[in-house]
Structures are given as structure tokens and as C-alpha cells.
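First chain A sits with chain B, and in the next complex the same chain sits with chain C.
Take a look at the complex of A and B:
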């Protein structure tokens, strides 16, 4: 993918302050700005903003983020890869996770 | 678009991006090629974020110390992005007399190079970090060490370089470097050909295969490591942590989450048919290690774990070097898991090396032709 594409000037939108990622409190405007800063993939958005990196791991906002990124890039959302799912699928306490070996 | 530039960089990790930024700052035209769809998708986005000098090889220490003194303190300001750099020291912890011996050795080596690092008792360590368990009987302490956010730092270099006109192409897998009249000049990808006066190879473990296309081999092997992250915790401590037994390493990030790296010790025997995957036993093993030192974290929830590949060099320090037999080619690979902390400094040094300027730090210890048979 050619990264030196011209997306035009960043024009603020009235609902830019709407929360998209509830866990990490990332707004629509922040995601749009990140795309204009060159963050073109969901992985890059996650790493740059933390959107989808909180307790739900993007299970709530994943599709919304994808839609916003696609719109800014003027691409179909189908062409944008979702982020990689990571273990554990639900948050697990360290003492539980560390206890996978049978005792005795 | 024009596929020619002064410098073509292969790899968009912290090394490639930092070099691109510094070269662009000095007026060079630069093209960066990345195999993956995402920028910085390798080790640069998968490490524990250490910006350490203590515990490093004597040959590597001058770069680490130069970076901590000259680059890191002002990096966020320079890149206009928060790299989340904390310089609150590094504790390397020991639980047994054997551990203390290892720590003493590392401390002596670092002191010989002029680094301010010293051994402290368990009580002194608990004064610095009150959450440490009673099992800790001693530590090495380097107060100028720290940590930063590898994700934002790597992407901040990319963002700034891109703003300065560096051309990035992702999803562009390099097949070979080709010579013209004895000089490395063309970079052939699956879809295109790029041309540069200089080619900088900074593709982590992938560098081995690509360097092989011009007959150069760097002895390095892939080494899998895994990292996990907890949910955000209250502000507790901002020291970088490691242990003499290498149970884990990590820190609390600005966001509040703890980021810890570790391994199970069985990585070399994994059964994944060449595709790197993280294993079900490693995060659990790392958790057990962490809880021995920080019982207070036992209720912290793990939200995510991931794996990454270290380009482990035969002698444990990177290759940062021009290549005599292949003029036009510069190598920056085999960082052995130390690339993030020294990356911003290496970026400056690479711009000096490529432009033939006086080097701020001597790089002769990192020559590509230093590897010899043992007898």
C-alpha cells in the first residue's frame, strides 16, 4: 500500500467528540486524525491510540473503528483487515492464569 | 511515482523509521519498504519497552549511554508525540546467592564502561519499590535507565518521517537486492523495482534471507519471546524491572497497565511448522514468575498476550555496518532483542554512516565480518 496518499485537509466534524472505544475512551475525532497522521491499518490505530486495546479488546468498537478508518481512506470496510485476536479472550487474573499446572 | 531515492530502506521497525527520519532531516530522499501491511509490525511493536544501559554488552554500552544522554530526554518533543519515556531507573532483582553473583558480574562490567550502576540490598530495593516481595535479597540499580512505549515511539518516527516526505510502501515484500556494475543499487520486490544510491537493510530476522541475495550472511537465529499486558492499575512504580534469573522483565506504562515479557524456556522446541505462534504455557509461566517478586499483582487481570521474534546474533550484539564486498549496502540487523532502547540513537548513527559524516559513537565493534570459527 502506497502511504504517500493525499487525504486532503483534516476537516473537523460535529460529532468528533463521540466516544467510540469505551474502554480506552477514544473519540471519533482522534481516530479520524490518526488516519490523517498515516495510521491506515487497525493494528496501527490500536498501537497509536489504544483504541480496542482495553478490557473488551475491541469486541465492542472493532466494527465502528473499521468503518471510520474506511471512510477516511475512501475505501470499502471489506478491504480493511480486522485486528488480530489475542489470548486470553476474557481478562484473567494473574493468579488464575499462573495456576494452569496441576498441583502435587 | 518515482521509485528512485538517495536511500532505500528495507524494514519499517524502529531502526528503519529512525534512520528514515534522521536522513530526511538531513535532506536525503528516502523510500521505506515494509513487507507487512502494518508499519513496525515486528519486534518494534512487540517488546517490553526497556531503555536500559545496565546489563548490556560492553560493546553496546557506548551507544546505549549516548542515546540515554542525548536522544531520549527530548525525543517526545522532537517527534511531537508522546513516547512515554520514564527515566526512573532499572532494578535487576535477585532471590538467591547465585543470582547476586550474576548481578555483581554485570555491575562490574558496566562500571568499567563508566556507567553509574551499583549493587543494593533487598531492603534498599524495597525502599525504591515498596511492592517487592521479601524473597528479593538484592538487586543491581542503575538510576539513569528507564522505559518508553515502543508502539507509539515506532509510529511517531514513521509519522514524522512521512510528514517530512519519506515515501512508505507497506505490503511490499523484498525478494532480492541486485547489483549494477558491482554496486548494490536495485531493490526488487514482488511487484516493483526500487533504486537507491544506498540500500539500508533493517528487516530484523528477515534481513538474513535478503542479505543472502548478495552473498552476505549474518549468523542470527529467530528467538521467540512473549509479552503480556494487564488491565490498568493505580500508579505504583515507574522503574524498569528485570531479574537475574530472567523470569520476566517489564514495567508499568503511563496508561497504568503493566507490560511484562517472558519465556517458557521451551521456545526452541515449538511445533509450529515455521509459523511463529505464542504458546499456551508461556503467559502462565511468566505470571508465576511475576507473582514471586510482586505478590500484590496476583489479582491484576491479564487482557492480552502476544509473541515476537528476536533476531538473535551469534555474539549477542547487532550488526551496524557497511559491507566491503557490496558497496552501497548498509546493514542494521541482528539486534538480539536490544533494538528498541538503542533504536533512536542507532537512527542518528546510521544517518551519519550513510552520509559519510563523523560518527558520534564508534561502530567498529558492529562490523558484519567479525564472525570467526572458534578455533
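Take a look at the complex of A and C:
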């Protein structure tokens, strides 16, 4: 990915305090700022801010975060690579994760 | 490890259909679903489906779900509920959370039919309690029999937004407005028309500015958008509502396919990230198939066919049938799928502005912007005929894949022809007996029976009616026109309830003769 894009200076927007990732309480402004700080992929945003790392695993905000990142980078959201998919697909308690059974 | 010939993830229309077809061919099949009830979205679908007989047209969604479950159990498909598939690993090893353990399964083939999730749109106050997805509203009403609120604003004029708005009305909620940022209604015109004639105002080219309230939604402000989606100052409108429903599209839940290493693509036409697959739904990982919304957003009817195709293809990949049998069995299904994808709402027409029907009739502009066909547009369509005696008036104005009305009329009065997206034509010379089967058969509720001169200066209008309590013969009320405006007094002449109508009751009202082509809905007098 091209890293030397000039995004200009960060200009605050009136709705920067709007929550985007509800699970981890990350705002639009934080996501925009993160892009200006060099987080250009969803994976980086997730690691940096934890947006999309909560209970719903980005099911609700995934597309919204992508849209915000794309707008900051001035590119199509369809060009932004989605986050990696990992198990567990749904939140699972640790005690259950540890209770693996090869025979059902 | 527990081995199965085919492991299906998701017991919705696609998953159940896939498992049934595979089991029929001798495969040992198991279906996992994270929900407590099977059927996916089908059990929330209380409306009649479109299509033709082979697509189970005019059957209500939840009935189709019941039929699928029966078929699954008859064919020995194991359906495991409250079972969350947490991962899909190498060599098709599947981990499933069941009770308080993670159980490992091994599938020789895996069919992913995980469906889709609802999109959200952020605006000031969007995290307030009372802002919900339209699917959530449907779950509350149709599964848990709880009204999501008293007064609702719906954002989104696609079929989900329209169908759920109508169901909110049926549940007794008030729908304050139907709003969409797009300049045109996205869903079927017939779905829009049945909402509009109940008096719901449509605000196209409008979007939500903010949800009001401190602890929960108490109101909403919308505003008109210009061609670059910016709010036009001064266009703000306020509504007192306690619920805001969002019906702004769906995204495929394709994470499992991605985790399994299937080659993926970002496809706006399919609604998001989807696995690349062949005509049978097989992904780049041999033996892993996808079917239904997870492979691209469509609807339940096509999901069922895709599921059946994937089930058959899974049987082929394990050698239960040969290549020839696969081709033969899938040919018919492909044809059925093809016919569902025809018309002005098919995948090929996505995003295109369509100004006339395949036959050359001009599309109603009023329908696309206000939700109803204007009085000066209605006579364009071949189902709308003028005649003194009793006859059907079919206000079907768009090419959608649907033809039950043609089979409903025993007198052969209604003709659609080979192409199921064609507009129905009413044969003026055929004799109408007034049986009303066509009225009840129309999934879009756009067929009416009208009869002039039932007595001096009065006409009778028969309409489909799916609200409770049912009016009674002799009741006095008001007739509403297509826009939901009260136009005259009306007396209930007859209410017909029949098993063959499948809960689409027939309400006949008496209206002044000049209202025959205007009166399209009825409200009782407020007590």
C-alpha cells in the first residue's frame, strides 16, 4: 500500500464526537485522527484503536469505519481491504474455549 | 472426530435447502445454527412471496420455513440449534460452540449459508435506545409479538424498509414517515403502494439529521439532500417518534469463508465482501460452497435455489452423482434462478434508472417519489381497464418476477404469458365472477375488483385487507385514495374470509360512483 500519501492537515469536523464503534466506544474523530497518524488499513485501525474489536467484532461498525478511512484517504471504500477473519466468529467465554471436545 | 459428508452452516432458506438436496442424494448432512429457532429470516416473513409456483409464490415466508423444516427432517437432515460455528479450519475442520464446550467436526464438504447482517448509518443520536434495525423490528413483532414502539420513522425504501413499514402498521404502530436519501423508491412499487395508501408519507431525497432524546429516542429531524448528499438548509422537518428503524441494506456475513482461505472479492453489487465462486457456489477452496446472501445479497427465494444447487454440487464433489446428473439436476434450478433475476429489480438492473417497462409503458414517477401511482398515470397499465360491469383492476406497473394472478383466475381473465416479469393484462371480454381469488393471490396487494352502478350513483370496490380487527358488514368509515388521503365516506358491504385467501381478506366497500378509481383503502370511523 502506498504510504506516502499527503493527507493534508487534520481538520476537525463538527460530528467528530459521534460514536462509530459502539462496543469499544470509538468516535469518528478518533478514527479520522488515526488515519492521519498513519493507520491506513482496517487491520491497523483495529490494532491502534480497538474499533471493531469488541463484542460484535465489527459486525455493526465495520462498513462505517471503512467508509471513514476511505474518505480520509480519498479513495473508494471498496479498495480498502477488510479486516482479517479469525476464530472465534462470535464471542465465546474463555472457560468454554478451554473446554474442547474432539468427540461431540 | 464427528464426520459428516456435508456440514452446513446456517439453517436459513439457503442452508436448509442445501442440506435437504444433499441428504436426498444420500449424503450424511448436519446443519448448525446459532439461533434457538431454525429458518433464518423466513419465520419473520409474514408476507406472501413473489415469483411463480416453482418459487413458492403467494406462500407466506414462515410457511415456506415450516415446509423446509419438514422436508429436512423427512430426509434425515440433522439440524442442531444454539450451535455457533466458531471457526472453519484446514481440511474442513469445523469448531462449534455447543452448550459449554467447543466440539470439533469434520466435513468432507462444507456449505456456508450464514446469510447477512444489517447495515447501519451513523447520525447524531444514532446510538440512542430506540434506533434499531428494520430486521430487529421484524424480529420483535413477528417472533416475539412485541411492538418495537408506538410511532416509528423508517429510513430506507428498499423492499425491507417497505415490507417492515407495512408490518409495523399491521402490528398497530404508527409509521410517521418513510425516508430515503435516494431520489427514487428502491423496492417494489407494489410494496410502496400498500404503505402509501395507509397514509404514510414518503420523503425521498431526505435523510436523518439527528435522533432526539437524552435517554431514548423522543423525536427525529430529517432534511432534504441535494445531488451531492448534502443537507439543503431550511429543509429540516421534525417528527415526534419513539423508534427509528434503519433499513439501509445488508452485508454478507462471509467471515467464515475468508477464514477458511477462500479467495474473496469486494463487490458493491453483491453488498460487500464475498467469496468468489463458480456457478454451483463452490469457492476457490475445493469442497467449500456458499449459498444465499453470504455469496451476494438477494432474497429468500433465490437463496433457496442457490442452496439446492450447492447441495447437489456437494454430492457431485463427493462422487454420489456423476457430472451428467449434476448438470441435469442443476439445469432446471438454474432456469428457476434465472427467471427470479429477471425484471427491473434483477441484479442486472441494479443502480440503473428505468423509465419504462419491457413492454414500453412509462414508469410512474409518482410511484418512485411518493410511493403511489398518480391518478393521471394509472390508466397506462394493461391491468387497469375501464368497464361498467364487475372487473379486476390490476395496478401492477413494474416488471417483477411474479405471476400467481394469472393462475388465480379460472376464467382466464388475467394474462401474463411466458415471461413472468411481464405486466398482467386484463382481458376485457372475459367474464369476471367476482370470486376474488386474484385479489388474494397478489403478493403485492395491487389487485382490486370494481363494479359500477351497484345502486344509483354508487360503486363497489373490493380490496385486499390484512389488518385486524376486521371491519364488519354495515360499518361506516372513510375510503382513502392511493396517497392515503380520505376522499369519501364508505360503507362496508362485505368482508370475505376464506382459507383459499390465506389471510388476505377481501373487503368490499360502497363509494360514490366518481370514487371507483380512487378509493383504494378503508379506515373505520374512530369511536
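Simple rule for what comes next: the second predicted complex is superposed on the first by the 101 of 104 C-alpha atoms of A that agree within 3 Å, B and C clash if a C-alpha of one lies under 4 Å from a C-alpha of the other, contacts with A are read in each partner's own complex, and residues count from 1 in each chain.
Throughout what follows, a contact is a pair of C-beta atoms (placed from the backbone, for glycine too) under 8 Å apart; a residue touches a chain by one contact, two chains touch by 3 or more.
Since we're looking at a predicted model, the values are computed, not measured.
Peer 1: Evaluate whether chain B and chain C can sit on chain A together after superposition, giving fit or clash.
Peer 2: Here chain B and chain C can both sit on chain A without a clash.
Peer 1: When the two structures are overlaid on chain A, which partner does A:27 contact: first (chain B), second (chain C), both, or neither?
Peer 2: In the superposition, A:27 touches no partner, neither chain B nor chain C.
Peer 1: With both complexes overlaid on chain A, does A:92 touch chain B (first), chain C (second), both or neither?
Peer 2: After superposition on chain A, A:92 lies in contact with both partners, chain B and chain C.
Peer 1: Once chain A of both complexes is superposed, is A:100 in touch with chain B (first), chain C (second), both, or neither?
Peer 2: After superposition on chain A, A:100 lies in contact with both partners, chain B and chain C.
Peer 1: If we overlay the two complexes on their shared chain A, which of chain B and chain C does A:59 touch? Say first, second, both or neither.
Peer 2: second
Peer 1: Under the stated touch criterion, which partner chain does A:19 make contact with: chain B (first), chain C (second), both, or neither?
Peer 2: A:19 sits against chain C, while chain B stays out of touch.
Peer 1: At the CA centre of chain A, how far apart in angle are the CA centres of chain B and chain C, to the nearest 10 degrees?
Peer 2: Angle at the centre of chain A: 140 degrees.
Peer 1: In the overlaid three-chain picture, which partner chain does A:82 touch, first (chain B) or second (chain C), both, or neither?
Peer 2: A:82: touches chain C, not chain B.
Peer 1: Minimum CA distance, chain B versus chain C, superposed model, integer angstrom?
Peer 2: 6
Peer 1: Residue by residue on chain A, keep only those touching chain B in one complex and chain C in the other, then list them.
Peer 2: 84, 86-88, 92, 95, 97, 99-101
Peer 1: In the complex of these two chains, what residues of chain C are touching chain A?
Peer 2: Touching chain A: residues 1-2, 34, 84-87, 89, 95-98, 100-105, 117, 119-124, 126-127, 251, 253, 255-256, 258-259, 264, 266-268, 272-273 of chain C.
Peer 1: Would you mind writing out the residues of chain B in touch with chain A in their complex?
Peer 2: Touch list, chain B to chain A: 1, 37-41, 45, 151-152, 154-155, 158-159, 162-163, 167-171, 230-231, 255, 278, 280-281, 283-285, 287-288, 290-291, 297-306.
Peer 1: Can you list the residues on chain A that touch chain B in the complex?
Peer 2: Against chain B, the touching part of chain A is residues 1-4, 37-41, 43-44, 47-48, 50, 53-55, 57, 81, 84, 86-88, 91-95, 97-101.
Peer 1: What residues on chain A touch chain C, complex-wise?
Peer 2: 15, 18-20, 22, 28, 59-64, 78-79, 82, 84-90, 92, 95-97, 99-104
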